[in-house]
Amino acid sequence: MSDEAIRKRTKETANKLFGKGIRLNPPYLMWREFDKDLANDFSKFITGNLYSRTVLTLPERQMAACAMLAAIRAGDELKLHVNAALNVGCDPKKLTEIFFQVATYAGMPAVNEALEVYREVLKERDEWPIK
Amino acid sequence: MSDEAIRKRTKETANKLFGKGIRLNPPYLMWREFDKDLANDFSKFITGNLYSRTVLTLPERQMAACAMLAAIRAGDELKLHVNAALNVGCDPKKLTEIFFQVATYAGMPAVNEALEVYREVLKERDEWPIK
Amino acid sequence: MSDEAIRKRTKETANKLFGKGIRLNPPYLMWREFDKDLANDFSKFITGNLYSRTVLTLPERQMAACAMLAAIRAGDELKLHVNAALNVGCDPKKLTEIFFQVATYAGMPAVNEALEVYREVLKERDEWPIK
Amino acid sequence: MSDEAIRKRTKETANKLFGKGIRLNPPYLMWREFDKDLANDFSKFITGNLYSRTVLTLPERQMAACAMLAAIRAGDELKLHVNAALNVGCDPKKLTEIFFQVATYAGMPAVNEALEVYREVLKERDEWPIK
Amino acid sequence: MSDEAIRKRTKETANKLFGKGIRLNPPYLMWREFDKDLANDFSKFITGNLYSRTVLTLPERQMAACAMLAAIRAGDELKLHVNAALNVGCDPKKLTEIFFQVATYAGMPAVNEALEVYREVLKERDEWPIK
Amino acid sequence: MSDEAIRKRTKETANKLFGKGIRLNPPYLMWREFDKDLANDFSKFITGNLYSRTVLTLPERQMAACAMLAAIRAGDELKLHVNAALNVGCDPKKLTEIFFQVATYAGMPAVNEALEVYREVLKERDEWPIK
């Protein structure tokens, strides 16, 4: 795939995932402040390649990403990806359910931290309470 | 819900998830050797309640469980749940994809440990290589 | 055990652990905002069953819970449980000691985060410095 | 405290904790193969100082150590410390209970890995099943 | 080594690492509020012994410490050690590079949290942007 | 950079890091069995891009990688990278030192698991004991 094509795909996928909803400082902007070229490489590999794959649909991918981020208790990153999950049409009730299901595998601190982040994002999006 | 109903649901869900595929020593049997009553309580709460909920379909729940277990690098538990995922009809290609997607959030050691477990389960189930 | 009996035990144990000391938003209230029935199920299983068991005394259980939460660096949850530990009569000097003993197993970041939370709780309870 | 006194205390505490029960290769021997002086420094600081303190009784300290090691899923180290816990007189039923209580904070993979190690140690000590 | 010599070495190494740059509350001061003697023991063992060793140069040791703290996502401790790394002459560009290299092993949440802390320290030191 | 140039750089860097020492199944071969194209993408991004950068020298990069992998207790991956560290000329005494320095940040289970892996690699390379 040409570099031009990858750039285009990176932009399109980034837009679907992060182009709406709450305002956040995407990590990409921070990477750029440290190293512009490497920031582009990360962006093209992560967003343009991994996130743009089609084996999973985008909502399926975001459900899995939210499950992982909740389990490893990465709240800031979860905020980005729960917003992205809602942007690509994940069912908000299914996201809630995933966070409760974390209990068995990673324990209640992980559940509680994820629900806290999730509720905050829903409020900022004016989509709380879930209907 | 009556205790009888919960027992029935526990058994049915356990059967769907763990009743086929590779032979494993389910944690439930170990719990029983330590404390029979508590083993039943855990089983009814986890399998009879959490795993039996219907907000997510069973395949969706298993996809999320596999994503979490890969991310926290819990190989033994992943073995159980990847087998269960295949038992309830998860697409093996989508499971592969989830394990590769772990890279961004939890790094390559998590990816590699998950793929290792997954390949082992597929071989024991005689479903390797994935078609 | 009847559902009524479990509710009663849940309430009694919750009261012993969380009914005094600092004001915190218990996770139970957040769970309820997402799913009222599941919130009750978690509460009955965790507080009414696990926390109400008598193999360990409540102070012994809280010492172990604080040890675990310090080791996995779950500060918000630790705040709840260190307050509960003090409510059920754990010796404040023994809690300090547990947090220092974390050093060998989980390293100094875990020690420091736990002591920080602990000192904050003691101050809010007006029990600082420890006598 | 004189260096001689610390050496004596290190030896006494090491003997109480690790002088009986199952045969294990203590990490100290491995440290020595890499750096003899540093091995002694670690041993004197950890065993002669931290483990020899008296704010917690030795059984209380071991209960907390087992809780932490189970929560962070450090199976090899847990093997050493569960054996030491039994050596200093911890109630085997209370140790079981601690491992089940891990569920709420660190999830079932941590519970299962701890019980697995614990059962193995009890068998090697010929103390299984717990009476 | 005499206790006097260890105290001297502790002080010298603490001064090289933490005597300049941003103002932080060193954990040592918090330890002291809980237990003065134990605080001194930790300080002498960690700073006077481990940090004062000469197998690695101080900048090499700080590079490794920053790599570890980024990988385990211990932001508060990283703040201390990134400041110390700059105090002992680590190349700021190499520190950036280490944080990007975390991606492969511990994933992007670890990278992002580390860069965030690092940028904050650089700004407080008035050394941002890196030249 | 042209795709041809990246392939070449991937191969060269892989050869420097993994072309000597102990025989291991590189994760790349496993990735290929699951998805040939994605395996190449990962390899080019990780080895051809990240590992081939020159801000850190290869030995500096490997020291940092070993520090991270020890801290997150990723033994299999550490085995690969400690072997690679020795292949690119890291001082074996400095690697030992890094693993001991893990104690402060991630605790003794991480130290012990890392030294265990390291000794095993040194023995397989016939470089044990370290001179």
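Per-chain residue numbering starts at 1, and chain names A, B, C, D, E and F are given in the order in which the chains are listed.
One rule holds for everything that comes next: contacts are C-beta pairs under 8 Å (C-beta built on N, C-alpha and C of every residue); 3 or more make two chains touch, one makes a residue touch a chain.
Just so you know, these numbers come straight off a predicted model, no measurement behind them.
K.L.:
Treat touching chains as neighbours and tell me the shortest step distance from chain D to chain F.
P.N.:
1
K.L.:
So, comparing C-alpha centroids, which chain is the farthest one from chain F?
P.N.:
Using the mean of the C-alpha atoms as each chain's centre, the farthest one from chain F is C.
K.L.:
Matching residue numbers in more than half of the contact pairs is the bar here; say which of A-B, A-E or B-C clears it relative to D-F.
P.N.:
Answer for the repeat of D-F: A-E.
K.L.:
How many degrees of rotation bring the Cα atoms of chain B onto the matching Cα atoms of chain F, given to the nearest 5?
P.N.:
With C-alpha atoms aligned, the rotation comes to 120 degrees.
K.L.:
With centres defined by CA atoms only, which chain is the most remote from chain A?
P.N.:
So the chain farthest away from chain A turns out to be D.
K.L.:
In angstrom, rounded to a whole number, how far apart do the mean CA points of chain A and chain C lie?
P.N.:
Distance between chain centres: 31 Å.
K.L.:
What is the distance, in whole Å, between the centres of chain C and chain F, each centre taken as the mean of its C-alpha atoms?
P.N.:
A distance of 41 Å separates the two centres.
K.L.:
Can you work out the whole-Å distance between the CA centroids of chain D and chain E?
P.N.:
Here the centre of chain E sits 29 Å away from the centre of chain D.
K.L.:
Two or more other chains in contact with one residue: find those residues in chain C.
P.N.:
Where chain C meets two or more other chains at a single residue, that happens at 38, 46, 53, 69, 72, 74, 77, 96, 100, 103-109.
K.L.:
Could you list, by residue number, the parts of chain F that touch chain A in their complex?
P.N.:
For chain F paired with chain A, touching residues are 38, 41, 45, 49, 53.
K.L.:
Sort out for me which residues of chain A touch chain B in the complex.
P.N.:
Interface residues on chain A, with respect to chain B: 46, 50, 53, 55-56, 60-61, 63-65, 67-72, 74, 77, 93-94, 96-98, 100-106.
K.L.:
Under the definition above, what is the set of chain F residues touching chain D in their complex?
P.N.:
Touching chain D from chain F are residues 73, 96, 100, 103, 107-109, 111-113, 115-116, 119, 129-130.
K.L.:
Going by the contact rule set out above, which residues of chain C touch chain A in the complex?
P.N.:
Per the stated touch rule, the residues are 27, 30-31, 33-35, 38, 42, 46, 69, 72, 74, 76-77.
K.L.:
How about chain E: which of its residues touch chain B in the complex?
P.N.:
Residues of chain E touching chain B: 103-110.
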